[in-house]
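One structure, as structure tokens, below. Some questions next.
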Amino acid sequence: MSSTLSTKHFLGAPASSDGPARIGSLHSSSTLPSRSLHLPARRSQSKRLEIHASGNTFGTYFRVTTFGESHGGGVGCVIDGCPPRLPLSEADMQLDLDRRRPGQSRITTPRKETDTCKIASGIADGVTTGSPIKVEVPNTDQRGNDYSEMSLAYRPSHADATYDFKYGVRSVQGGGRSSARETIGRVAAGAVAKKILKQYAGTEILAYVSQAHQVVLPENLVDHETVTLDQIESNIVRCPNPEYAEKMIAAIDAVRVKGDSVGGVVTCIVRNVPRGLGSPVFDKLEAELAKAAMSLPATKGFEFGSGFAGTFMTGSEHNDEFYMDEDGRIRTKTNRSGGIQGGISNGEIINMRIAFKPTSTISRRQNTVTRDKHGTELIARGRHDPCVVPRAVPMVEAMVALVLVDQLMAQYAQCMLFPINPALQEPLELSKNEQAQKSL
Amino acid sequence: MSSTLSTKHFLGAPASSDGPARIGSLHSSSTLPSRSLHLPARRSQSKRLEIHASGNTFGTYFRVTTFGESHGGGVGCVIDGCPPRLPLSEADMQLDLDRRRPGQSRITTPRKETDTCKIASGIADGVTTGSPIKVEVPNTDQRGNDYSEMSLAYRPSHADATYDFKYGVRSVQGGGRSSARETIGRVAAGAVAKKILKQYAGTEILAYVSQAHQVVLPENLVDHETVTLDQIESNIVRCPNPEYAEKMIAAIDAVRVKGDSVGGVVTCIVRNVPRGLGSPVFDKLEAELAKAAMSLPATKGFEFGSGFAGTFMTGSEHNDEFYMDEDGRIRTKTNRSGGIQGGISNGEIINMRIAFKPTSTISRRQNTVTRDKHGTELIARGRHDPCVVPRAVPMVEAMVALVLVDQLMAQYAQCMLFPINPALQEPLELSKNEQAQKSL
Amino acid sequence: MSSTLSTKHFLGAPASSDGPARIGSLHSSSTLPSRSLHLPARRSQSKRLEIHASGNTFGTYFRVTTFGESHGGGVGCVIDGCPPRLPLSEADMQLDLDRRRPGQSRITTPRKETDTCKIASGIADGVTTGSPIKVEVPNTDQRGNDYSEMSLAYRPSHADATYDFKYGVRSVQGGGRSSARETIGRVAAGAVAKKILKQYAGTEILAYVSQAHQVVLPENLVDHETVTLDQIESNIVRCPNPEYAEKMIAAIDAVRVKGDSVGGVVTCIVRNVPRGLGSPVFDKLEAELAKAAMSLPATKGFEFGSGFAGTFMTGSEHNDEFYMDEDGRIRTKTNRSGGIQGGISNGEIINMRIAFKPTSTISRRQNTVTRDKHGTELIARGRHDPCVVPRAVPMVEAMVALVLVDQLMAQYAQCMLFPINPALQEPLELSKNEQAQKSL
Amino acid sequence: MSSTLSTKHFLGAPASSDGPARIGSLHSSSTLPSRSLHLPARRSQSKRLEIHASGNTFGTYFRVTTFGESHGGGVGCVIDGCPPRLPLSEADMQLDLDRRRPGQSRITTPRKETDTCKIASGIADGVTTGSPIKVEVPNTDQRGNDYSEMSLAYRPSHADATYDFKYGVRSVQGGGRSSARETIGRVAAGAVAKKILKQYAGTEILAYVSQAHQVVLPENLVDHETVTLDQIESNIVRCPNPEYAEKMIAAIDAVRVKGDSVGGVVTCIVRNVPRGLGSPVFDKLEAELAKAAMSLPATKGFEFGSGFAGTFMTGSEHNDEFYMDEDGRIRTKTNRSGGIQGGISNGEIINMRIAFKPTSTISRRQNTVTRDKHGTELIARGRHDPCVVPRAVPMVEAMVALVLVDQLMAQYAQCMLFPINPALQEPLELSKNEQAQKSL
């Protein structure tokens, strides 16, 4: 996927030093320096470069539209359909935005943005009003150089070429191009969704890095019943196991100094999820989660429960037997179902893994073609994330939260008009006592 | 996931022969026969058992609503938004329905259904009219026994329990429960979508089994540029490599005779896909494909392009360099992007892999609880698919086709009102000449 | 609008004897000149004639898809998203279907259909399961003649021509054409919606005929606080005032015997509507009601509250002042707002009026053109509704109910997750005591 | 409807001096009894007053989300799904925004806003990029006083009370309340839609005032074939007939000086509309237009074609006979169908009429209740529109344009993948020659 967490800046030198990239002879197969397309360094980029506004809407009941571009006022989102009377302030969002922002550590892009959010509408006297909530994050790391050269070369594994194919207009200027900065709106909206879920049912959504390049965290080293946000946030790679965190950081550092990048995997779990979320056919809960996760930039795969590994098992090994727990609740002894059966949550921990490719922006020479169909070479220089997964952690949490709150509202609309059937159902929300107990 | 390709029939005997399952003492850990819940065999099931109608809608432009149940008139779908003037008949759908139907080989469920479809509306004089197309498949393998006992025990890793949690009413009778039979409507609609794509742009969608239990087909043994439907259909497991097909069949046979089941993986490719399908933010093409695939029963994971394996690579290894091909088209040398960059198709082959868990229905004794919260044992007997992947092949193709035709129509709505920009875009449709050439 | 309640049968002769429309002597009891296109009478029509399946979906939360055609198995609907655990049976729907069916009186079409419905899925043990509810009504008044001649002439003010313009295929056969029979599915689904609203909040939806041709029922003759279904159903035109009912029936009879038709107006009121339904911007409650009503065949206008008459007033005459009633509720002294302010219901009676044009099918000679663009004359013969409004009454009620239940579910999804604010809000549902009181 | 074009400012005094509504001497020039609630005049309002952000989305293919509030940065819209490569600039929108803005004449509110728009994203090099287009209009007429008193009294026929009923939080501050200012985003988006329709098919959408209070423009005084924008814009009330324009202005002036308001009617026509737009069942073109129009503030009714008057006719009087015109096109001799038959456009002029109630804000003493349920009197003072229809003209055009472009894109998606059938269909777009001819 072309839209990565990198800052997507390229360094090169123009074909001649006195003007914008003159590329020399067409279709030249030579390897002369003059054939190499040198793009200006990031610091000196033009305002036109970063116009990649791309808005769109996610969700049916809790609808999030992200908007914005890197060069103008800023980025953000509009949340439509939020429940009224929910206490909410910028602080609720800032925590996750800080986990997402660039420049937070040496293994993320050094680009500096504070990503300070402002709620522009939808809140009065500290509570939501039921009106659309508009959240804005101003841009502070503006750049001021002409970037027209960049538009000439299609960056490998980015969206440059496909945007042109689709829209027939240049994407770099004026929009279209997906940027990691677009995910700010998702993270802000996700924070609202998380707060609703937490307040409603004590639901906790936690993601962490379980693989960076070839460092794979063994599954049994993290207890999904007890892992905490603090453990995850205790190191810059967001792996709750300190030993493997160090290994991962070392692996990222190793490629970072070479100007290369690596991929990784984010694991996400949900505890205290209400039973009964999701629906049985096309809109299965796992299908919604897969779409949500795979809509993040740079994703390559999604699995939940036993995942791809489960395909190697037999049914008798794989099935989750039911039993009654001490509290008289129907539970499963194992959780290869990943908390979802028949498209509907069963109350067990939902777990999933999302694969992220290595960042497409690298400081290495690459062959490519220009927009007008000539071969060229490209060397990006500047700032990019050597590995996207540490910053992807809050993005994954946000998308999962958006799916769950949407499904919770769907469940309310369809199934809560009339009293529940206590013989078969439990209340969706936990009492305060239960929440307290569960969080012990 | 609880909705499997199995026929979901259980054999047992009531706790006492003179009445519906009396299960004896609560939470008893004993292994006495009387505690075991014997359910009636499939042949003798009641009509009420198989009422698991579940309709829902997929797609925005090309909208498919599936309906139906196993016990009544039949199952099928309504396709809304189909282009008019498309030649279409039942034969177009029957091919794929035959690939999906039970009883087609010894490694599928022995249940007998011919699954003969009938187009009930939307066609006149052999072409589509633009009105909704209703496709129906009558049920022929009716069953006639009382199944009320079954409703007592939650089958492990099925949807029985979660339906109760969600809806608060019993799902076995009267609906709700997802059945593999629901996918008939998907396959029928997918056949229409395939025909549109084929006729419009020469697009070909082909899926095959790339793993069954622990038999993994090496990637390099199938050439995605040339693999054909005939090769895939040359054996009952739908693996285009005859040697590995035999190994897979043997693996499935091995568990089949034990009453157990195994999982597997389906690979799907798309050739001649128009460039420019998909969109850049939430509705990325890979996100739509992931949702579509993961909405099939028994799925556990989805990956495309380099997938989870790509996370182990560096950016310099992973990036797909661009070049100009002989026809003056912009192409990529490698295809780790899986035909999709920035959420939008780039014209290269789209490839994806979908994980399917082992069938939940097995003829083994399992512990579970009853609906009224008592522990019990359960032995299913009867007919089920020992491995779902051979029959899942046409289902995957159908869901992929539904996504692509929806995106093609979306592209038409947004980007085709005015003439394309030939400097950046190619026509979406192939000329007849090009189609002929490409199919050589 | 072209889709009327008529039976749409025509008699005529081709414009010229040498054209493609040579029909011969079929049923030609007339002595018309050869330029007149003689179409066979209804009794002897072919099966191909009445294939006008047209499915589509209404609603966001409570989604109704209608399907079906007059020639095949029948017509009906699929209701997706219905709350589970609602007692429901065919009898709940049959009452309204009987009010809708043809042949119910001398002022409706004499076509005979019993329109007996059957619930095919979504119900178990007498309650809804949360799964899609499929309702089917078989066709009993089949016809058996070749209708290909009819396809030659565009019937004035019908949909024949516009279907051809849109789809480029012939609509009479194979679908496309909207038929009054399509509204069966709406009425069946509306009956479910009515039941939910009644059970949830004691909401009552009542429509009646307030104008037939030039007979206009004075507004002050019906008390919207007390009018009952029995009063409305006490006569065949469905006007609750007996004196005006007689006048209306006489007016309809007067045109009926001449083979002509007349228009009219249906008034609809809603009592005990929960406060707070609707939303403030695009999806205002009146906007949703307008769309719902105007989607019925033959409608020409919609107004609510003071309506078009209100445009002649001043603000000081028109505003509804607030006061506190005896029960401590905020009420309005007048109701020119029609129960809706700012797009949201205020708890007062919602009232609206819907205009229906005269039935397009008439037994009079009319000029028109054939499909292949030749002038011709057309005489329809057979059975049609001389005035659609008596049968439109239950259709209007159904569409209003669908809007309100959809909005109730929307309100639940967004605003009912957390406890209401009793200082500003009242419970949406009435207690049983209140319902009893209100219904006194 | 409560959301009017007024500026919504009130003067009053609390119901009792010892209650929560102690306001002191602010602007209290009146000598009203202590039960009258004196609210501060508009000039001195607080920033908190005007936070009535309300965003929402209209359209399926061409999706418009409006956002914004009067107190913050401004208002505007996000347009998602716009075709790429359309030349577009702020000037395209400013024309209609100027027709909508307050302070444009003595018969509109004297509030001053220039409503200068800025396109913040989605445009590059003067053409649309296919990315979301964000349009912003800054607020310039800020106000700076405390408005908390106003929150005490429910203004008659406004949305104050219903917002409280729905959301349970105060709507004046922080959002929720629909404001006429919200329609800025609609008008801006409508201008884009108009441009697409004009460029695509020469389609022209023109609205004008056909009634103001009791001055009714006779139908035969405007020729819908030839009426021009210049004629409509030749006077401040936007009536194309100069004589009646003067009468209307006089009627509005008469109530304006008394602090009262009047209602009126806007007529809208569409010329050169492509044939085949709309669909046959729930989404009939007239149903979509009705919803669009009725979603505007202060609307009370909608009719098209023969409208309510058509109900007084017989079928033989009402039907539109077909004939072949000189260009070999199928036309209707009369147009009581209003350009729509069976839910689908037939190419004739679409005409419709929309009723607007008298502005709710008046400078007259009115009885009402406070939020805490005490009776009070209310006198609004300040600036409001004495009649909304002159400013509603561009709003109606905008909503009609949004419906038509959405339907055009729908038609493209479904019916234009394959070549049209020239025997039945005409190209949707006019050739340049035809456009030139038609505009002569």
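For reference, chains read A, B, C and D in written order, and residue numbers begin at 1 within each chain.
Here is the rule we go by: a residue touches a chain if its C-beta (ideal position, glycine included) is under 8 Å from a C-beta of that chain, and two chains touch if they have at least 3 such contacts.
What you see is a predicted model, and the numbers here were worked out from it, not measured in a lab.
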item	value
Comparison of A-B and A-C by number of C-beta pairs in contact, larger one	A-B
Chain at maximum distance from chain B, centres defined as averaged CA atoms	D
Where chain A and chain C are represented by their mean Cα positions, the distance between them in whole Å	47
Mean-CA-position distance for chain C and chain B (Å)	39
Approximate Å spacing (C-alpha centroids) for the pair chain A, chain B	28
Sequence positions of chain A contacting 2 or more other chains	54-57, 84-85, 130-131, 166-170, 176, 280, 415, 421
Chain C contact footprint on chain B (complex, rising order)	48, 51-57, 63, 65, 67-69, 72-73, 78, 80, 84-85, 120-125, 127-132, 134, 163, 166-171, 173-176
Footprint of chain C on chain A - complex, ascending	60-61, 81-86, 130-131, 196, 199-200, 280, 408-410, 412-418, 421
Touch list for chain A against partner chain B, complex	1-3, 27, 54-58, 66, 154, 156-170, 176-178, 182, 211, 213-214, 255, 260-265, 275-284, 286-295, 299-308, 310-324, 328, 330, 332-333, 336-338, 340-347, 355-362, 364, 366-369, 371-375, 411, 415, 420-421, 423-426
